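The two complexes that follow have subunit A in common; it is paired with subunit B in the first and with subunit C in the second.
Our next item is the complex of A and B:
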C-alpha cells in the first residue's frame, strides 16, 4: 500500500501535466487556435455549442466542489496530495470551458445567466447527489461518486465530443484531449484507492450502490434531454461538414465511435451508444473494486 | 499500428530477456505526452476501430491507453500504467488473447 500511495506526488503531476501535454498550450489548446468561422457564423451550431459547453461547465463546477471537499476528508496525505492536484485539474477545466463560452461570443457579464439558462436540471440533480455525500463527510462514497461515476461519465462524453470535433474544430478537440488525459488519472485514483478501502469497509457497499443507481438515472435523463433537442444541430453539423469537405475536394471522413458511424447514425443511435458505453464502463469499474453495479430505471 | 519494429534476439544483451525465447522490440515514440519524457515510448493512444495490438502491447482497462513493452508479453507479467497509475498482471483470456487485469 505504501508504494501504491507514493505515486501520488506533486512532482509526478508536474512532469505529466503542465510539463507534458499542457506544455505550450493556452486555455488547453495551441496558441492562436480559434473556433471555426463555420460554427461562429451559424446560429444553430453556435447555440448548440454554447448549450453543450454549459453542460461541461456545470459538470466541472461540481467536480471542483467535490474534489476540493474530499481533500480534507482523505484518510492519508498521499490521497490529499492527489486530490489537491485533481482540484487544480478541475479548476482548470472550469476555466477552459468558461473561456470557450467567451470564445463563442458569450459576454463575461452574461456568464452566470447563460449557465442558468442552459444547465440541464437533471445534470444539476446528478451533481447534488454527489455533493451531498461530500458534505456529509463520506470519503468513500464521495470518491466513488466523483472519480468513478462522474469522471467515468466525463471520460466517455469527452471522448465522443473529441471524436466529433477532430476534423472540424481542432481547437476544441485539443482542449478535450487535455481533459481526457486528466480524467485518466482521476479514474485511476478512484479505482485504485477505493479498491483497497472498500475491502476494509464492506458495510459501505449498499449505500454506494444506491448512490450509483440514482446518479446513473439522472445521467440518463440528462442524455435524453440533450439528445432530444439536438436533431437539428446534428443535421446542420453534417451539412456544414459535407460542404467543407466538398470545398476541399475530399469527403467528410467516416468518424466512428464505439461502432457508431458519427456521420450517419441517428441521434437516437448515438444516445444509445453513449449510454451503453458509459453504463458498461460503470459496471466494469465498479465490478473491479467489488461493488455491484445497479441498473438505473430508464427515464420517461 | 503498433509502432514497433522487431529486433533480432541475438542483439539483446539483457540477461533476463536471454532467459527465454521472447521476441524483443524497439519502441518508437508515437506522440504520447501524458507521462514524463523518459517513459513516453512505453505508451500510445488506442486508435479505435482498425487499430490492433502487437504481441508486446496490452490495453489498460482503467484508462484505455496501450501499454508497450520491449519484450513480448506473457501471462503473469506485471504491468504498470503510468498515465492512470494502475498496476496490473497480464492474463490469457479464453480466446487466447492477452489482457491486463488490475490488482489492488
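Our next item is the complex of A and C:
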C-alpha cells in the first residue's frame, strides 16, 4: 500500500497538476480564452450553458464537502495527504465553474440565486446521500460514494461535454480537460485504496451496494430531467455548428462519443449512451474493489 | 500558471497588478482563490521537492542531536496533523465559498507540511514514522489537537479559526522560525517554506476574525476564554519544544513571550 500511495503524494500532485497540465492556465484555460460570441448572443444556448454549469457547480460543491470531510476519517497519513490534494482539486473545480458562470454573464450577486434556480433536485439528493455517509464518519462508504460513484459520473459527463465543446467552445473544452485529468486520479485512488479496506471489512458490502444503487437512481433521474429539457438547445447547437462550419467552408466534422454520433443522435440516444457508459464504469470499477454492482430502478 | 488579471477591478492610482488595489469584495475573491495560492507557493516550492533544494548536502548529525531532531519533527507532525484535520473539517463550516476555497488551499498546505516532515524523518533513519510520531508526541500538543477538533466537530467556525489560524499557527510560526535559525541546512530550508505558508494562514485568521469582531464585539469575550483555556496547552507544547530543541534555560521564556506577543500583535483580542 505504501508504494501505491507514494504516487498520490502532495509532491507528486504539485509536479503533475499546478506544475504540469495547469501550467499557463487561468481558471483552467489558456489566458485570453473566452466563451464564443455564438453562444453568448444566443438566448437558448446561453440559458442551456448556464443550467449545465450550475449542475457542475452543485456536483463540485458536494465533492469539496465530501473530500474535506474524508481527510479526518482517513485511517493513515498517506490517505489524508491524498485527500488533501483532492480537496484542493475540488475547490479549484468549484472556482473554475463558478468563474464560467460569471463569464456567461451571471452577476456575482446573483450567483446563489442562479444555483438555487437551476440546480437539479435529483442531483441535490444524490449529493445528500453521499454527504450523509461522510457525516456519519463512514470512511469506506464515503470514498466509494465520492471517488467511485460521484467521480465516475463526473468523469464521464465531463468527457461528453468536452467532446461536444471541442469545436464550438475550445475554452470550455480545455477547462474540462483539466478536470478530467483530476477526476482520473481521484477514481484511481478510490479503486486502489478501498479494495484492501473492503476485504478487511466485508460486512460493509451490503450497505455500500445499497448506497451505490440509491445514488445511481438519482443520477439517472438527473440525466432524465436534464435531457428531457435539452431538445431545443441541442438542435440549436447543431444549427450554430453547421452555420459556423459553412462560414469556414467545411463541415461540422464527426463528434463521436462511445459510438454515438453527437452531430445527429437523438437526445434520447445520447442520454442512453451516457447512462450506459456511466453504469458500465460503475460495474467494472466496483467489481475491482469487490463490490457487486446493483442495478438501480429506472426513474419514471 | 500565469499572473491573474487584476487590472479591471483595481482602484485608480494604485498598482492595478497588486491585490491591494482591489475593492474589498474583489480582494477577498482574489486572495482566497486557487490561482493566488498557487502563485504564492510557486515561488518558494519550485525546484524544492520535499521542501529543500535537492543538491543541498545533508549534515552529519551527532546521535544526540539527531535524536532531538527526530522528537522535534515528530511533534511538528502532530501539530500539522491537527492543522490538516482541523482545516479539512472547517471547509464545510466556512460561511462563504471564498473562505471555503481558502481553507481547501490550507488543507493542501498542511498536508504538504506533514509530508515534508515525515519525509525528513525517513531521511533521518526512522523506518515507521507514524509509529514514531505516536511514541514521541508530547501530551500537550495531543491535547491541543483534541480541543481544536472538538471545536470543529461542534461546528464553531469562529472558535475553530481562532484556535487553528491564530493560536496554533502562531505557535508554529514562532517555534519554526526560531528553529530554522539553528537547524541543519536541510531542516532549515524545509522550515522556511513552512513558515511562508503559516504567514498566509495567519493573515486569513486575523482578517476573518477582525472583520467578524467588528460586527460582533461581544464574541471577543468568548475568544478570550478559549485562549485562556488553550494557552496552558500551548505553553505545555512550548515546554516540550524547549527540551527537544536543546534550548538553554535563559532562552526559554523568550519563545513563550514571542508567542504571546505575536498573538497580541494580531490585535484581535485587544
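Definition applied: the second predicted complex is superposed on the first by the 300 of 300 C-alpha atoms of A that agree within 3 Å, B and C clash if a C-alpha of one lies under 4 Å from a C-alpha of the other, contacts with A are read in each partner's own complex, and residues count from 1 in each chain.
The definition used in the following text is that a contact is a pair of C-beta atoms (placed from the backbone, for glycine too) under 8 Å apart; a residue touches a chain by one contact, two chains touch by 3 or more.
Quick caveat: nothing in here was measured; it's all calculated off a predicted structure.
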Next on the checklist: Just to be sure I read the superposition right, which of the two partners does A:72 touch: subunit B = first, subunit C = second, or both, or neither?
Outcome noted: second
Next on the checklist: With both complexes overlaid on chain A, does A:20 touch subunit B (first), subunit C (second), both or neither?
Outcome noted: first
Checklist entry - Is A:94 touching the first partner subunit B, the second partner subunit C, both, or neither of them? => result second
Checklist outcome for this item: Chosen between subunit B and subunit C, the partner touching more subunit A residues is C
Next on the checklist: Once chain A of both complexes is superposed, is A:64 in touch with subunit B (first), subunit C (second), both, or neither?
Outcome noted: second
Item to check | Partner chain in contact with A:83 - subunit B first, subunit C second, else both or neither | outcome: second
Checklist entry - Thinking of the overlay built on chain A, is A:102 touched by subunit B (first), by subunit C (second), by both, or by neither? => result neither
Next on the checklist: After the superposition on A, what does A:257 contact: first (subunit B), second (subunit C), both or neither?
Outcome noted: first
Item to check | Interface residues of subunit A shared between complexes with subunit B and subunit C | outcome: 15, 19, 23
Next on the checklist: Help me check something: in the complex, which residues belonging to subunit C touch subunit A?
Outcome noted: 1-2, 4-5, 25, 33-35, 38, 42, 45-46, 49-50, 81, 84-85, 88-89, 91-92, 97, 100-101, 103-105, 107-108, 110-112, 114-115, 118, 129-130, 149
Checklist entry - Taking the complex as given, what residues does subunit A use to touch subunit C? => result 9-11, 13-15, 18-19, 22-27, 31, 64-65, 68-69, 71-72, 76-77, 80-81, 83-85, 87-88, 90-92, 94-95, 98, 108
Checklist entry - Given the complex with subunit A, which residues does subunit B contribute to the contact? => result 33-36, 48-49, 61-65, 81-87, 102, 104
Item to check | Sites on subunit A touched by subunit B in the complex | outcome: 4, 7-8, 12, 15-16, 19-21, 23, 181, 183-185, 187-189, 191-192, 195-196, 199, 256-257, 259, 284-285, 288-289
